[in-house]
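Below you'll find the structure I mean.
Order of writing sets the labels: A, B, C and D. Residues in every chain begin at 1.
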């Protein structure tokens, strides 16, 4: 059974290269990826998560307005009845900010995991597998023995 | 249906008034008074003149912070400590979205808290007088740099505010920057911007216009970038622009970059009307940077070296902190000085590299294919041709976030590191050229012992930030 | 009269014992045991093998601090954070002067106060066991780098201590480094060093020897540097050295630097016996650096670019803090990574520059003139020829602090930035070549509207540190 | 009347380029320069200063051992009966030291002026003229009117 993830760039941000890579990587890893593209609103994320019964919502932000763009996001998700993991990643602060502070900010906004822009897609995939309790080794073993 | 025709004066006036009604600061614009203001500026603040008369590449950084005093200080610093020849004012994202109210709030927060709550300078909210304060306070020409699909009000205010150069264009500030605006709409918006620049030009105030050459900054094949520059140049010329700086973003292969800059200049001279003064701008690598300042300095060094060989009129520099976020002013100035040192050490040397002419010819042939497709489809009208070519994917931009481009073209590097096209989509290109690209890419695929695939593209996207030019398969080592 | 002949075994033993008597730590050297020790080292610590089998330029920094633990930490850091392929151990100035007692005091002070009271690693005082601790603790091959006219004890101890590469030579570690030693004396000293390296080589432990190519680091004409490399290579080969890395310091003109490195390699192959494996090392700019890290990164970037085109076997990197003083380890590692990034981005590209072959031919012709002068004067004996040639000024090094060289040669850059010779003194050079240089320099003088004079030389000496390659008269601006 | 300066690189230091430039600059400025070259001992400086009745002793050091090399230098000068100005310049500390601290160190050792390696020879000449109370303008005026 494939798991569905919703992916998009939030706010007015149009940096598309990162999610293009992520879409490919998550698809290659066996996920069903709903890619909403750039400049996606909080509501569009919520609607897509509901419509596709997503296990996870992956938010990308590069342009430095992530904090403003994500305020209230988890309320919107909740009101829409979304009960999915939420990850955010990319370049999350304006300027040369301290990463620990940035991570804390987004944890407090409600995200389950916060990734910096050095993140290798494989790390995010590993994290999601862990959070969704998919053991890749088992999955692989199954594939091999099937 | 919108066409490539000059906006009549009365229509110009009508739009101008409507646009200026969008936000209170629009009221302060008075064209006649603004012309007089520009005339009062000293020669060394006249952007077009300074750029066009320079005998070595001028350097310009990117920089924008929300508060006026901070922006003044920042630019003065980049001018002095960074030895920048030309200065920028980068506009914040809300203003680019025409969300002037949000920009106003951000500016207020910035003023109250001292924090940079916006990622740029909200020029519309600073208004004509704020802009002029900036122009007067700094001692070099200043350009507005942004990424705004609908930049009409921004243009009206910043032109009246004393800025004499304005980046962007209907394609280059749409396709890479947004998914919210149709191409017809942005062309119409930019016809106004160019017409306004033309109106100043007619009155002797030559506003320099600079289409944004790097597009998505990510492995853009030179001919695609050049075709977009020529189209935007033609559209601007129709509206009366007479100082045009065509742009190109470094791909990292020296031969291809030098060839592309030559092709850009030559085709610019050829395609644009004689009365337009054409200059070129080279952007240091616009794709993903290494997450390490030392390595980033290497990327910048290669950019400076390329500029020294190609001799564009202007170079937009990167900072060693590009990966991380908006750079500190020190890092920004450091990027300028690193570039300056490399250029100044290399520019007096005769460095003629084999193969540049051949590559230039290939790029020119490709560009002509694309331009022909535009002219044919438009029956001679560039606007119609552009709309139809993008609609059909005959013109396309890789990694486009916009639905206005098919986004079907996928680039990859060949075995020498030159950017070629792996997936053509519906791009209007001769079969012979497609074969040349195909051969080069299969040569690389053979060398790497793998298929041509999206994996290769993804590897190339990451390569420079991971320390290499070409995204070779990891397990096979360096060679 | 000393000649270019292999030191007989018994003589080798005699000198060895005498030298080791100079300082208590000499006692711990036992050749047989040392050979066994070298044999016990893993393959990736065998300097010659690692260097000679590499398929891309290996990077090596300079670095030396007094205390053993600090040196281990420093090298480990440069290996990991700097990604250095080969590691150095730079020796302090007292040890270079054979002032082992002062070095001992400095080391003691360093140990007591934690301050770096010496400008390098006092290997003689650390002794065989200290050296071995270092070799074992770090995970790459390590070279001894110094500047010692009489390096006999240093060689005996460091070879026994597990180092497999040793920089220097009788000319290159005399002329630029001291005024206290005659050339005959240093040749004799270095015959011993080479003979000792040869003794290890005979036993299968190929000690890599690296004559110091940059000499005074200041506008050294390539042919002079190459001639010195060939002479030192020949002398070393006579004593049994079989792994030789010939050096060259960047002058900053890309064509000349690439040509010089090619000439160095080709002439090295030609002049040195077949049984010697010749490799080359390129030193990033060895003259005065800009007093600004950002600009220094530009200088380093140009060095990396040159290395990518010329593809030497090894590159010695500079740090952005070169101007200021001994760099922090972070800056040292940064210089490595900046160089690495430029090389890795450029090396897969085919960059063939016009005029390299022509310049290489000129350099080779010049070098042959100098070598002929040496062979002629020595009646076939390189030692005699070298002594007489230096004595007569037929071989000379600009900016030499030593009375052993006439120091009459004055270099200056031509209008393209290539280093030419303005004052020949008694240098043994064909008139035709002198005319070529003369013509190039007068072309520059004309372009600058001034005479060829020491002022021009002084301007060129300062130029790179002031941001340019060529020291143009200041009031005439950049062009 | 020309004034004599003694110039040299102290200790074991062999960096000769700087003093080569300085020699030319001071000569061009009208001083009589006694250039002792590199690796000059404290005693050699003192002897030369006495022998040439020098107005100033210019010490150069680049290699980072200046402090050790200059300890006791002013005692040696004094015992030899040298009463000249003493300047030191170059790269005076090992590593990336704080310049103010370095300057203080050498002032305490007895040097009248301490110059860093960014010093333009013209600045040192101007300083020497001032310390020797040669007003260059007057000198120039004399030259012009003579």
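Criterion: a residue touches a chain if its C-beta (ideal position, glycine included) is under 8 Å from a C-beta of that chain, and two chains touch if they have at least 3 such contacts.
All values reported here derive from a predicted model rather than from experimental measurement.
Identification of common neighbours of chain C and chain D yields an empty set. Per-chain CA centroids place chain A at a distance of 66 Å from chain D. One inter-chain figure worth recording: chain B and chain C are separated by 45 Å, centre to centre, where each centre is the mean of the chain's CA atoms. Spacing of chain A relative to chain B, judged by their CA centroids, is 30 angstrom.
The mean-CA centres of chain B and chain D are about 54 angstrom from one another, to the nearest whole unit. Under the contact definition stated at the top, not a single residue of chain D touches 2 or more other chains. Of all residues in chain B, none touches two or more other chains. Because contacts link the chains only in sequence, without closing, their graph is best described as a line.
A list of each chain pair in contact follows: A-B, B-C, C-D.
Across the interface of their complex, chain C is touched by residues 55-56, 252-255, 290, 292-302, 304-305, 333-342, 344-346, 348-355, 415-417, 464, 467-470, 478-479 of chain B.
Every residue of chain D that touches chain C in the complex is listed here, in rising order: 9, 12-17, 20-21, 24-25, 37-39, 63-65, 68, 91, 93-97, 117-118. Of all residues in chain B, those touching chain A in their complex are 93-94, 96-97, 99, 116, 119, 176-180, 216, 218, 287-288, 291, 321, 323-328, 331, 399-402, 454, 458, 461-462.
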